[in-house]
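Quick one: the structure is below, questions incoming.
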Amino acid sequence: MSTGTSGLYFTFKPENAAFKAKVEELSGENIDLCFQCGACSSGCPLTGEMDLLPSTVIRYAQLGMAEVLESKTPWICITCFNCEIRCPRGIDIANVMEAIREMMLRTKYDKFTLDELTPEELRELPQIAIISNQRKLTA
Amino acid sequence: MRLAYYPGCTMKTDAKNFDESTYSAAEALGIELLEPTRWNCCGTVHALAKDNVMNYLAPIRNLIRVEQMNEAELVDDKRVVTQCAMCYNTLKRANAAAKADPDKMGKIRDFMEKEPNYQGSVSVVHMLELIKGLGWDEVKSKVVKPLDGLKVSPYYGCLLLRPREYGIDDPDHPTVMEDLLEALGAEVVDNPYKAKCCGAYHAVHMKEVAADLSYRILKQAQEAGADIIVTACPLCQFNLGDRQNEVKKHQREFEGIPVVYYTQLMALAFGKEGTGFEQNTPDPVPVLEEKGLL
Amino acid sequence: MEENESEMVTIHVMGKKHRVPADLTIMKAMEYSGHQFRRGAGCRGGYCGACAAMYRVKGSYKLQGALACQKIVEDGMYIAQIPFSPAEKITYDLLELRPDANTFLEYYPEISRCLSCNTCTKACPQDIEVMDYVQASLRGDVEEAAKLSFDCISCGLCAVRCPAEIVPYNVGQLARRLNSRYLIGPTKHVIKRVEEVEAGEFDADIDELKRLDRKTLQERYEGREVKL
């Protein structure tokens, strides 16, 4: 994905400020507290599946870069809160991931719909799996 | 002691053995569990977006039902006991938000109209907290068949312990399941992955990813010498137990290890009916027979 | 027809204002004001569920559901007919199903999206606890779901209002079918009566009815004993 930077410097434009403010509003987190130590990423059990590390997602958000909406990472995040107990700055990174998911879901975007499952899969899965999946991945 | 009990949907279907063994274990400890007459989905998973109100409706409705049970003096105190880790977390967090955010509560009240106002009197507890509160000596005194020689690896998963504010134990070094298992006479086997995610709802659309996460947990327990793994959540149970067939597709050498709910081992040690081992996949009966426990 | 202004009310049908007699149902008021029903009308007796309508009354934000053939108009009522809710007609072989939660999830997996918001219940003209039967289905309580949804006439208003895009009336129908097939089992008196019919016990009576003229048949029908 594109980084949104041009050359060696990055200009923080009004649209970046607006994006950052939206993330902070939805997540309730002060993302400027993050100093990029990477503890969240080191504790995350799912980084192998991600295109951006959780700490990188926070960096994108700090810079107000809407490109982060295209990242796989917020959808791979399963809100296990390992990052939450590790963050030395008290940020609940799962809340930030949810904010980014919500920004996509509120544009009529479904990450995954149940139409894609076979009857056999639907028979096998417990309700709790399907319910939580739908809560996180559909608008 | 008679307490309100919120079972949650999966406990009535795929995790019936969790529900039934909960009743058996509670009975042995002198606890009578009473379900609300009407309940709905707990609302899982807790909505993290700050402006979300809709997802609070389900948990708040359930808390209203419990509050009504209190008011009708059907139960002894204001606690509601949960078992499923996801129900626990969702109800606990919604309850906390209801108390902390009167604006949100006002919106919820206006939307629900016909429901009575939720006063915020209920306290949400997990069964493990309740048992811990009774004291391990009390638990030990009810054991008629100690789980001698059974090497058990406890698995906590995510939502019993995290976020820190809502966990039932120290998220870095939990001990409640270990203490319980020791009280039942089992030998506890530690698993460094005991609080790592099982894959949760990725089991629906990313089977391989969930199977890989589960495999790490299963493998660690097995290498540490465990005969059996114990869980406290129907989704963990599904991923670690039922989905071992998926794990085996990717890990040819993996031989499988039985996974049971902690209440099943309680019912067994207390000499009660309703252990429900026949519903578990893979079958835990051979290893329990081998240890002379069945 | 001579109009008595004191007994007339103003209603808005699909945004157009009409003066109609105050004692008419929504359906009759619409016909009175010139609408002709090609769809969205059936038994006219509140049983078939074809004539769902939604309305608001003056001074209230509440969006309410009703059967057009049952609801009497009110002054200042805003009315829209909702004769059909788009829903896939799912087919299944009842003899092949199991009466459990996963059967519901297999055919109507969207019930897992239910937020317990209760909007369906508020929309139901039959005063059914719709949300409760959807929730009962979700936890596999077939009997409860069947019992709660028993009065459903599939008018579709719940499905139109559901923010989780569930079609509750289809879920209730599946619950009732599963309940009848697997939990209640065959009804004994029906089986007995079928046996009697097959044994020819009623052949003579039927033959007699067949030979009657229209007038006598009508008299017999009107004079029949009805046990309620």
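Per-chain residue numbering starts at 1, and chain names A, B and C are given in the order in which the chains are listed.
Convention: contacts are C-beta pairs under 8 Å (C-beta built on N, C-alpha and C of every residue); 3 or more make two chains touch, one makes a residue touch a chain.
In this text, all values refer to a predicted model and were calculated from it rather than measured experimentally.
Colleague: Chain contact graph: line, ring, star, complete or other?
Modeller: complete
Colleague: Could you tell me which chain lies farthest from chain B when each chain's centre is the average position of its Cα atoms?
Modeller: So the chain farthest away from chain B turns out to be C.
Colleague: Tally the contacting C-beta pairs at the B-C interface and at the A-B interface, and name the larger one.
Modeller: A-B
Colleague: Would you mind checking which chain's mean C-alpha position lies nearest the centre of all protein C-alpha atoms?
Modeller: Nearest to the common C-alpha centre lies chain B.
Colleague: Can you compute the centre-to-centre distance for chain A and chain C, using the mean CA position of each chain? Integer Å is fine.
Modeller: Roughly 44 Å separates the two chain centres.
Colleague: Could you work out how far the Cα centre of chain B sits from that of chain C, in whole Å?
Modeller: For chain B versus chain C, the centre distance works out to 41 Å.
Colleague: Measure off the straight-line distance from the CA centroid of chain A to the CA centroid of chain B, and report it in whole Å.
Modeller: Those two chain centres are 27 Å apart.
Colleague: For chain B, write out the residues touching at least two other chains, lowest number first.
Modeller: 9, 13-14, 41, 55
Colleague: Mind pulling the chain C residues that touch 2 or more other chains?
Modeller: Residues 101-102, 138-139 of chain C each touch two or more of the other chains.
Colleague: Residues touching two or more other chains, restricted to chain A: which are they?
Modeller: Each of 117, 124-125, 127, 130-131, 133, 135 in chain A touches at least two other chains.
Colleague: Any idea which chain B residues touch chain C in the complex?
Modeller: My answer: residues 9, 12-14, 38-41, 43, 54-55, 57-58, 61, 111-114.
Colleague: Which residues of chain C touch chain A in their complex?
Modeller: Chain C residues touching chain A: 101-103, 105-106, 109-110, 112-113, 138-139.
Colleague: Using the touch definition from the top, list the residues of chain A that touch chain B in their complex.
Modeller: Result: residues 25-28, 45-46, 49, 76, 78-82, 84-85, 92, 94-95, 98-99, 102, 112, 116-117, 121, 124-133, 135-137 of chain A touch chain B.
Colleague: Would you pull the chain A residues touching chain C in the complex into a rising list?
Modeller: That would be residues 114, 117, 119, 122-125, 127, 130-131, 133-135, 138 of chain A.
Colleague: Quick one: in the complex, what on chain C touches chain B?
Modeller: Touching chain B: residues 100-102, 114-118, 122, 131-132, 135, 138-141, 163 of chain C.
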